[in-house]
Amino acid sequence: MAEKVLEVRRLSVSFDTYAGKVQAVRDISFELKRGETLALVGESGCGKSVTCRSIMGLLAKNAKVEGGEILFENRDLLKLSNSAMRSTRGGKIAMIFQDPMTSLDPTMKIGKQIAETVRLHKPVTRAAAKQRAVELLALVGIEEPEKRYHQYPHEFSGGQRQRIVIAIALAADPQILIADEPTTALDVTMQAQILDLIKEIQKKTGASVIFITHDLGVVANVADRVAVMYAGRIIEIGQADEVFYDPRHPYTWGLLASMPTLTTNDETLYAIPGTPPTLIDPAPGDAFAPRNPWALEADRLAEPPLFPVSDTHFAATWLLDERAPKIDPPESIVLRAQAFRKRQSERSASL
Amino acid sequence: MMEYSEEIKKAASAVPDSAFVKYQPSQQEAEPELPRALSFLEDSWRKLRKNKAAVVTMILLLIITCLAFLAPVLSPFDPNEQHLSWKNLPPKWPGVSIDGLNGTTLFRGRRVDSYELAKVPEGQCFLFGTDEFGRDLLSRCLWGTRISLIIAFIAALLDLSIGIAYGLISGIKGGRTDTVMQRILEILSGIPSLVLVVLMLLIFEPGITSIILAMTISSWIPMARVVRAETLKIKQMEYVQAAKALGASNVKIALSHILPNISGIVIVRAMFSIPTAIFFETFLSFLGVGMRIPNASIGTLLNGGYKVFKLYPYQMFIPAFILCVIMLSFNLFADGLRDVFDPKMKEG
Amino acid sequence: MKRWSKYIGKRLFYMALTLLIIASATFFLMNVLPGTPYNNQDRLTAAQLEMLNKKYGFDQPLFQRYINYLKNILHGDFGISLQFSDQPVATLLSQRMGPSIQLGLQAVLFGTVVGVFLGVIAAMHQNKFLDVFCSLFAITGRSVPNFVVAVLLQLLFAITLNWLPIGLWNEGFRSTILPTLALSISPMAESCRFIRTEMVEVLSSDYIELARAKGMSEIRIAFSHGLRNALIPLITVLGPMTVSLMTGSLVVENIFAVPGIGEQFTKSILSNDYYTIMAVTILFSALLVAVIFLTDILYQIIDPRVRVEGAK
């Protein structure tokens, strides 16, 4: 098993708002291994971005870390001083932002924006930083990097700008790349290119990637492991195959069922009923219970713990308790699981 | 079955076996009732109330306006009534013995009771003192504020009407009309308003009307610009397009769709144009081309006070203080209104 | 390039048109003015009046005088000051240009530098004490008229403390300090407020978040990415700033007895000195029109986003 580079332990984050205290992230734990891609999946507002911002130390001013720790290189990032955090942020942990159209300084040459990051984290000369910036531009697939070094952001298309944002993230050879919905603002053909680029870079540099998205299609494409978040909690986490083909949490069922596939034969696409709860004074029990057609009385009484399904696969639902009644998952999920088992048995037979 | 950790066992043991049945939602757990939607005014008032500076200045402005408009009732003297033997008396407050408010003046290092020297009868106090003609400054300040406020309010109202009309016509008509009207604006805005005002004042007979007219001539331009820009924006909105498609006339569109939507911005701008008008009035009167003596306005009071301010600083300070309080209040209140109605607006 | 020259040509045409309209308007307005240009009219005989009218060309028909006037302006001849020792207005004003320009530049420079600095501080400490302090300062600066500030400064530093000259333009730089301070209040307040608003907006933008994610310190972010983006729009307030400086110069130069254009203008207004009033009006308008033109051009040159769109 690969070594851990990052470990988040029992992290809770809340926001002070006019309406009250919003518990955006509630007691989540996960780890990131060297070279792997972990996808954080969930609807907007489920706490996935907040989790990453806590890792980056970029929480908004009204946010408060209620508890937990984020271990990186044997240090708790949450306890680092401002200046120590600055050298980690951007240097060892870098972030790719959602909207490339607004993420670049419109009045600064893009080359300078990259070189500036190189010089922030490495003791190199101006010329060497420039050289490095040109290399990075070439690495992310910008043609004629020498010439384009001197251009301003508005002279690039959205996809190209996202490549530049990625180049900035790579400037200091980070160990962890956090990609916050890096393809959401792009059109579909661009999305695939950017995903390929991220995968390729990961292969070249061996960095670990935390990939935030609400798009399961993207997840299937890039992730080694998947963590599904709902209402500030991780409700299911496991290897990508396990979560995709043997999901256990009714919310994951809902997510998967609402994703169009080639084999979908229904006329209408499934949608999870209801809306996510507000996280101001959440009611006791499972936050998903009100929207869950398979909810048990137990879901209303207590928050389910993460039950293990396999060594690597966990899901937080009382349905996994041995006392729970047997229920039938939706048909499409059953079909998925069958197809998966068949494939696995074929694979093990062929070995 | 997997071996469960202690933690899970503990969590599981807290839940009774009986709970592992399908959850039946009870009737009471219906959707919580949504709070009642607030009307535009209610919402604005709620936001404005949070801005303490705006609330304080609003109250202050109400008080000042009331005092100014009650000047005929409140003034202890006629503002133009001269008591030549009582001239340049410092402020005297009954029962207050602080230097500066007790009617004494520093004369060759000693405090001298000016009231005694001027043979003012016992019990006669001038709260703000008197000026070089022995006129009561309190009365003059009340009347002066009244005139300055009247000028400012009327000027702002005129700005508002001309600016809205011009901007609306230019914005709605569009095309050639708009181009010509914009050129006119461009040329007019090349003339410094100060110069325009001064020229106007040289031509008209000095007085309230001419000051108001002179100020209006230059100050409606920014309002017209804002209204036009907003009109163009709203004109593109689908509901306006829809109204047009249904055959609504330009006038109807302007009155029922555009005007209500720009009211916030217009109110804020009008609030900002009041202190500008007050400033111009005092500025012109201070220079000696505005209100003519003996009529009291804040500007003429400052002008009179400035002439003697080395000897009798209170004659300048009191109207200056009143002016600053009024200007500051209007600006702070307008800032508060802007945050409520149009948080994105940058220009004041 | 072609588009540029066309744009500039069009702008120059409108500038000329504006000035022509202003010159004509002032001319005709001056001619309907009540009162005569002679300050000792009561003592003049009819013959003397006629002679004077002839001397100054007042006996010609209005339209002829208008044409002559425009012609003369083009040659830089603004007529003769009727009130101030028969000097040509152009000479009179050119002598007075120096102090006004010096004061104006000093005030703009000092005002904007301090204002920008305060604005940045306010934006970086949004809604905290420093912000409230800077914003209050800005709004006070906007609310307190500059002649009140001027008088207060005079009272405090010249009369009470006796540190600086009370006025008059005879002690070199020392006598410029107080009028500069008085004049700089308005550009200071204006730029402080403007930069604060711009900075708050810029600091909440995505690229600032990216700069934070790069590991940059807040101060470096504020100055290298924030101020850079916030300063560019500041150019647009140069026009209004010029106007307020002109307005301010009238009273401030009077209070401190500065021999500048503003002081001359006030004197001319109060004594119906036609030609000087007209000349100053045209001068001020020309200055404003030129500043507006230059700021527009400058804005397009400096902002890379506008640049390409404008030059395409």
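A, B and C are the chain letters, set down in written order, and residue numbers restart from 1 in every chain.
Here is the rule we go by: a residue touches a chain if its C-beta (ideal position, glycine included) is under 8 Å from a C-beta of that chain, and two chains touch if they have at least 3 such contacts.
Keep in mind the model is a prediction, meaning the values are calculated, not measured.
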Centre-most chain, if every chain is reduced to its averaged C-alpha atoms: B
Chain of greatest Cα-centre distance to chain A: C
Centroid distance [mean C-alpha coordinates] between chain B and chain A, Å: 51
Chain centre separation (chain B, chain C; CA means) in Å: 25
Separation of chain A from chain C, taking each centre as the mean of its C-alpha atoms, in whole Å: 56
Chain A contact footprint on chain C (complex, rising order): 205-207, 209-217, 224-225, 228-229, 232, 303-305, 308
Residues of chain C that touch chain B when the two form their complex: 14-15, 17-19, 21-22, 25-26, 29, 32-34, 139-140, 142-145, 147-148, 151-152, 155, 159, 193-194, 197-198, 243, 246-247, 250-251, 254-255, 265-266, 269-270, 272, 277, 280-281, 284-285, 288-289, 292
Residues of chain B touching chain A in the complex: 1-2, 4-5, 7-8, 11-12, 14-23, 25, 29
Chain B-facing residues of chain A, complex: 289-290, 294-310, 318, 321-325
Touching residues on chain A, where the partner in the complex is chain C: 56, 58, 82-83, 86-91, 94-95, 97, 99, 102-108, 116-117, 120-121, 152, 154-155, 165, 168-169, 171-172
